[in-house]
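In the two complexes that follow, chain A is the common piece, with chain B as its partner first and chain C second.
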Partner chain A sequence: MIICAEDLTFAYNDSLMALQNISFEISAGECVALTGHNGSGKSTLVKHLNGLLKPTKGRILVANKDTATSRTAELASQVALLFQNPDDQICKQTVWDEVCFGPQNLGYDKKKTTTLVQEALALFELTSFEKKNPHDFGYSERKRIAMASIVAMDTPILVFDEPTAGLDSYEMSLLINTLKKLQSENKTVLVISHDMDFVAENILRAISLSAGKKVFDGKLRDLFEQTDLMTESGLLHPQTMQLSKACGLYSSPLSTDECVAAIAEQLGQPSLPNA
Partner chain B sequence: MIQLETDHLTYLYPGSESPALHEVSIKINRGEFVAVTGANNSGKSTLCYAFAGVIPHLYNGHMKGRVLIDGQDNKDRTVSEIARHLGLVLQIPGSQMSGVRYTVFEEVAFGLENRGVPREQMLERVQTVLALFGLEEQATRSPFHLSGGQQQRLALATVLAVDPAIIVLDEPTTFLDPQGAKLVFEILRKLQQQGKTIIIAEQRLDLIATYADRVLAFDRAKLVLDGIPREVLTSAMLPDLKLKHTRYTQVAQVLQQKGLWPDKLTLPASLAETVDGLSLRRKTHDYLC
Partner chain C sequence: MAPNKTTATLFIDKDSWLQRLHPLTKLSYILLTGVAAYGGPSSLLYICLLLFCNAVITASGGLLKDTAKALLRVILPLLLFMIPIHSFLFPGNRTVLLEFHGMIVYQEGLLFAISTLTKLTVVLIASFLFVFSTHPADLITALSHTCRSPSLAYLLGSPLLLLASMRERIETIQAAQRARGLDVDGNMFRRFLSLAPLLLPLVLGAIVEVEQRSIALEVRGFKSTSIKTSLRKLSDSALQRFCRWLMLAIAAVVLLLHGLG
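Moving on, here comes the complex of A and B:
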């Protein structure tokens, strides 16, 4: 297990119990969605992975290292974390320097750094921006710069806190291609997202939090079957499932093709393969 | 009755070579619920800023054309005068926080204090708005200790607390969970029913399809589509604008290719429109059989 949380509990200074007795395991190469309502503890949880926060009780092991006793700099070679707000992350004056920051700090040589940075910039279509100041761009470009920065670190584990927020559909396709590439490289990926259509189509396993407690861990499709849990977690079904429910269908389609097939069947037509 | 108008509005940010808005003319009536959509950098946020007078008053860029609220040119009023008529909710909630109030309760009261609202009335108003956005339990916490989504709800609450006639929102659901995003649209619908004018920049097309009366679609600084949601959101132009049809439209498109969507019926953009179309198909089909 590359990530292992045991009875993880965390309270902020203002005594709010942000996480309570959370246990889960994630194997190397898995891609997992972390879902839950606003304020459920998702961001607090992922900040434990690279030791930015230390558990009040319990522990979390990342690549067999206890994050409570490891330095964040040490954990950074294992876990790259995308902050929810790119402005919490961006600290350099050019896009190139910003994306170099991670690999340089991990001690990669110049040649490796250059290759990784070029690849990451290309993934998010930022190559032509490399000499520009990140702060001169809009929110979604800053977000892409922040995402490229963590991909360039080439760590075994990548954590994306709300990568889809504020992206348009084209930028979303760049993110989806990146996630596919990371999975093909056997990276372990944890994605916080509220976008159920994005999650349904790209990720198989979900861990869901509600008010600091783990309320679900399993196949995303099984989460969607549990309406009470969906409500408790602040979630709504993907559009294809909402349509299937509204039409009185029993199936739970997660893609356009599955949805068309189910409706065609109900309308008394054979479910023809998509033309 | 026209309440809000842009007249050949063109705007260039300082140092930029291409305009963020180009020759944009829009007329919005009192009580309309207007969604503004388009890819990132198409001009949505700039339009919101222009409505609120942030452009040109707080930015030095180059502006041509006019923005009028109730017939009065924004250039002739200060941003704070405009704020008496129009409330602006920013996309990044951290930018909306005053930074000088230390609890969620005080942050919501800030705008009311500035207007000299009597204390009793102010306390009541703050409590109502906090309850509306489910923030009662956060009332004594620091705005900066809230989660991203809670901060966004707080930003909405601060603007609604002062009860402006026109509410302009720049992608206010970016950080909200799906139920929270839906709740915002439900609240906006209620405000519209009370006579408010709503203008919302938004990329969640399924929500726009359900709640808006009218959709403006932007592409690279220009207004390219203006119509009812079903017309704009099913337009074949959408992919060229880097926008993705809703799943409902996508499903109906494939059904149409298979001859399973009612003849001559426009494609749907929302869930309700799709369900209606399918039940119509079922009825006419049963009749024919």
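Moving on, here comes the complex of A and C:
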């Protein structure tokens, strides 16, 4: 198990419990969606992975290290965390330097750093911007810069806090390609997202929080079956499922392809003419 | 939202008489201390007496540790700098205190450095007391009750809000830097260096934020001169009002005497 949370509990101040008795395990190479309503504790949870927050009770092990006793700068070689707000993490004056920042701190040699940075910039189509100032760009570009600078760290675990917020459909496809590439490299990926269409198409397992408690851990498809839980977690079903339900189909398609297949089946045809 | 995110301001959320004191009373006290330290007799004994008074007030409000920490950060570098310079080079130096490998420490310079620093310490303590025990929102409420002009109150209060929002941003950004492997634990200089490229965006960001906030206030009728309901309850009393005027009067008298003498 590369990530193992045991009875994790955290309070920002004495009164407010942001996380309560959360336990889960994630094995190396898994891709997991972390979902839940705003304020349910998702960001708080992922900040424990690299020791930015320390548990009030319980513990969390990352690559067999207790994060409570490890320094964040040390854990950075294991876990890269995309912050929810790109402006929280942009701190350099050129896009190139920004993306270099992580690999340099991790002590990679010059050749490795250059290769990683070039690859990351290419993934998010930022290569032509490398000499520009990140602060001069719009929100979604800054978000891409922030994502590239996380990917460039080449850590075994990557955590994305709401990567889809504010991206247009093209930028979304860049993100999806990146996730696929990371999966093919056997990286462990944790994605926080409210976008159920995005999650349903790309991720199999979900952990869901509500008011600081874990309310679901399992196959995303099973989460969608539990309508009460979906409502409690403030989540909408993906549009493919909404559509199939509105059409009275029996299956629960999670992607466009599955949806098309379900409609074809309903019509008694092997496939749809234009699919 | 948590009602008092203590990280957001310098305010320390404790329940002591200092916290409950009206902000203007505390402001008057800073003024009085400043005038007493710089306008009063320059004898070291007198200044140490002021220092003692302030220390007692701080301790009784339970703020001794925090104030001492903040004070040390400001005074220590000055101490290391001023004491040697004045001991060796103060223009009025006459009396040799001790001689060491050709370096001569003079009494006048040493005393001058000590009394200057002590005066500064006295005023700093009073100021730290104020910022540690006063929530910026209370200050703005107090000012807008007194000034009758909400814009002026906001103008006076906004640097505090500016500071608070900047401090919060800096903490988040530093956390993000550590998350990307920057190891700056304990090294103030490296920490500052890592923030240097951000200074301009940070200050601009904070100013924009305060400006946006004031616009947001305006569209919600902030400038209306009718009496507002205040959610934060500020306790004031006749005694406090009397003390405020007394302190201001004493300060004025000291200044006057100082100007004449």
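The working rule: the second predicted complex is superposed on the first by the 263 of 275 C-alpha atoms of A that agree within 3 Å, B and C clash if a C-alpha of one lies under 4 Å from a C-alpha of the other, contacts with A are read in each partner's own complex, and residues count from 1 in each chain.
One rule holds for everything that comes next: a contact is a pair of C-beta atoms (placed from the backbone, for glycine too) under 8 Å apart; a residue touches a chain by one contact, two chains touch by 3 or more.
From a predicted model like this one, the values you see are computed outputs, not experimental measurements.
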Touched partner set for A:Pro238, first chain B, second chain C, both or neither: first
Which of chain B and chain C A:Ala264 touches, first, second, both or neither: first
First (chain B), second (chain C), both or neither touched by A:Arg205: neither
First (chain B), second (chain C), both or neither touched by A:Lys65: neither
Contacts of A:Thr256 with chain B and chain C, given as first, second, both or neither: first
Partner chain in contact with A:His135 - chain B first, chain C second, else both or neither: second
Which of chain B and chain C A:Ala76 touches, first, second, both or neither: second
Per-residue contact with chain A, leading partner among chain C and chain B: B
Touching partner for A:Cys91 - first (chain B), second (chain C), both, neither: second
First (chain B), second (chain C), both or neither touched by A:Met153: second
Touching both chain B and chain C, residues of chain A: 12, 16, 87
Contacting residues of chain B [partner chain A, same complex]: 15, 39-41, 45, 91-92, 94, 141-142, 145-150, 152-153, 171, 174-182, 203, 206, 242-244, 246-248, 250-251, 254-255, 257-258, 260, 271, 274-275, 278, 281-282, 285
Complex interface listing, chain A residues touching chain B: 12, 14, 16, 36-39, 43, 84-85, 87, 136, 138-141, 162, 165-171, 194, 196-197, 231, 233-236, 238-240, 242-243, 246-247, 256-257, 259-260, 263-264, 267-269, 272, 274-275
In the complex with chain C, residue positions of chain A that touch it: 12-13, 15-16, 47, 50, 52, 71-74, 76-77, 79-81, 83, 87-89, 91-93, 101-102, 105-106, 135, 149-150, 153
Chain A partner contacts - residues on chain C that touch it in the complex: 2, 6, 169, 172-173, 175-185, 194-195, 197-198, 201, 205
